[in-house]
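Chains: A, B and C, in written order; residue numbering restarts at 1 for each.
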Amino acid sequence: MILLIKKIIRSILHSTITSISLFFSLNNIYTFRKYKNIFYSSLLKREFKDVGENFSIEYPFNIIGPLYISIGNNFSSFSGLILEAHEQHLNNHYSPEIKIGDNVSFAYNCHIGCVNKIIIGNNVLFASKVFVTDHFHGEIKKEFLKIPPSLRKVISKGPVMIEDNVWIGEGVAIMPNVKIGRNTIIGTNSVVTKNIPENSVVGGVPAKVIRKLE
Amino acid sequence: MILLIKKIIRSILHSTITSISLFFSLNNIYTFRKYKNIFYSSLLKREFKDVGENFSIEYPFNIIGPLYISIGNNFSSFSGLILEAHEQHLNNHYSPEIKIGDNVSFAYNCHIGCVNKIIIGNNVLFASKVFVTDHFHGEIKKEFLKIPPSLRKVISKGPVMIEDNVWIGEGVAIMPNVKIGRNTIIGTNSVVTKNIPENSVVGGVPAKVIRKLE
Amino acid sequence: MILLIKKIIRSILHSTITSISLFFSLNNIYTFRKYKNIFYSSLLKREFKDVGENFSIEYPFNIIGPLYISIGNNFSSFSGLILEAHEQHLNNHYSPEIKIGDNVSFAYNCHIGCVNKIIIGNNVLFASKVFVTDHFHGEIKKEFLKIPPSLRKVISKGPVMIEDNVWIGEGVAIMPNVKIGRNTIIGTNSVVTKNIPENSVVGGVPAKVIRKLE
């Protein structure tokens, strides 16, 4: 009996919701999202150290340490961006600096983590799920292994520098102390652990130069 | 004094929220989500070129160019699906076509990008974070490198075709101009850059045939 | 005329939203999120088989089969966690067990899928987009290939065991029947298909031991 009533209620709910959906279209959703993004972009713009004209970011995002982040003109990011400039981890203090040039765009779910310095040039295009970091949880040494990873002192082997005109493929990871030369193309899912010369096409885990375009 | 008041307010808020949470369960959340998904699925169904019976998609999603997308029966996707059929990039026009067969399902955060043609057969199973694309930002040639990647003319080397009964692992990327033969299994995090024969198991970056099951 | 009116309305909406945003800051968003997460963490805590002190999880998440999941003290996860303990797939029944030790933390968008047994030790640190599974859709055998992947009987080759003090990098995947020894570091985007001895640094697709720290 109770099961029957539940079934009837569910069926009524189902048809009601389906009927209500008739009054909405994908365009309505997108319009609503657009204004939500205008709200968040406008709010966020005031938080960064510097931000150029034409700043656009989609919700949700997670920005840590915006005062250490400067952004050029025509920045855009789709949803899921995580930008972390950490000034502290455990009892250690850092002076992080994320500097992003003009005309930089991120697709979905990109993640940048910084305790030292990450410089991104002009006209850099990030596909989705790209990860850039300038630090590790501890040095890769025997004496660190006994410490729980989250309690190891976060250290940076060196800054990350991505020069102008670089195109970074989906799922790519760029590790600490790496410089990527201008005009380079980084292939999907590759992990960049060493400097990459300009005008290169790279791929693989770890990434190797596949072609030089010169 | 102000700090003390703040602390008290926070503590009251904390206990209030914890108490309210006692009136809810995971099941309540899931029921609410279920009806939200019914709403969005019902709304979205009317936007595609074609869509079969039993269409189900979880919010959030991002669908671009639904009029260029046709979908068979029993389609399902968990949250985070991005389906892009672009008819325009810069001043260039495209005739994209995404065609999805029957009984196709996507887990979380999959991403399909199309300016040319992407055909997905019947009974194809996508794990999470799969990326399928039929286009690049510019040809991989010297003369394109000086142009900012986002301003390079988007070009398709050829369509992507995924035949029936293919199982695509977590984090896989499938590149332009690739045909994947029926019954094939694509291993986690691999990047498919070339045609794959049927009845194969493939893996790696770039993906290679590991085993033939014949 | 209508276009003009639309343009005016849009412009008014735009300025209104921009003005409203002046009353909010990133801190307000984070405070709101914090209380939302307190609500969901408090609600979720009551659903697991066991859960220790200091449990914290960010919304959104997706937890399936919480009764088969036990969690130690000081658990934390950022948004996007998917924890699946499946007791049924098609007509097959399973007795899944996910056991998580003390001081385990997940960054963003991690995914754990279990039909058999997944044991995670103490002090294990997961970066973002990590995937751990103890099962496949069917055995990798010829006779399974003709069956649609989603209708193949889900089977587990063996449990996954991650020992204490392991640090798992961004985008890593850990496959069924794998034991990862204590103090090990798993490099970004690598796919672990075989047992890993303790005190190792591993990387690649499939993952190989790069260094032993002893």
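Just so it is clear, a residue touches a chain if its C-beta (ideal position, glycine included) is under 8 Å from a C-beta of that chain, and two chains touch if they have at least 3 such contacts.
Note that this is a predicted model, so its numbers are computed, not measured.
**Student:** Mind checking subunit A against subunit B and telling me if their interface is mostly the same residue numbers on each side, over half, or mostly different?
**Tutor:** Both copies touch with mostly different residues.
**Student:** Once the Cα atoms of subunit B and subunit C are superposed, what angle does the rotation have, between 0 and 180 degrees and to the nearest 5?
**Tutor:** 120
**Student:** What whole-number Å value describes the gap between the mean CA coordinates of subunit A and subunit B?
**Tutor:** 18
**Student:** Multi-chain contacts only, two chains or more: what residues does subunit B have there?
**Tutor:** Residues 109, 129, 171, 189-190, 205 of subunit B each touch two or more of the other chains.
**Student:** If we count contacts the way the header does, which residues on subunit C are in touch with subunit A in the complex?
**Tutor:** Within the complex, subunit C contacts subunit A at residues 13-14, 17-18, 20-22, 24-26, 29, 78-79, 103, 105, 108-109, 122-125, 128-129, 165-167, 170-171, 183, 185, 187-190, 199, 201, 203-205, 211, 213-214.
**Student:** Along subunit A, where are the residues that touch subunit C in the complex?
**Tutor:** 35, 38-40, 42-44, 46-47, 60, 62-63, 66, 82, 109, 111, 129, 131, 133, 137-138, 140-142, 145-151, 171, 173, 175, 189-191, 205-206
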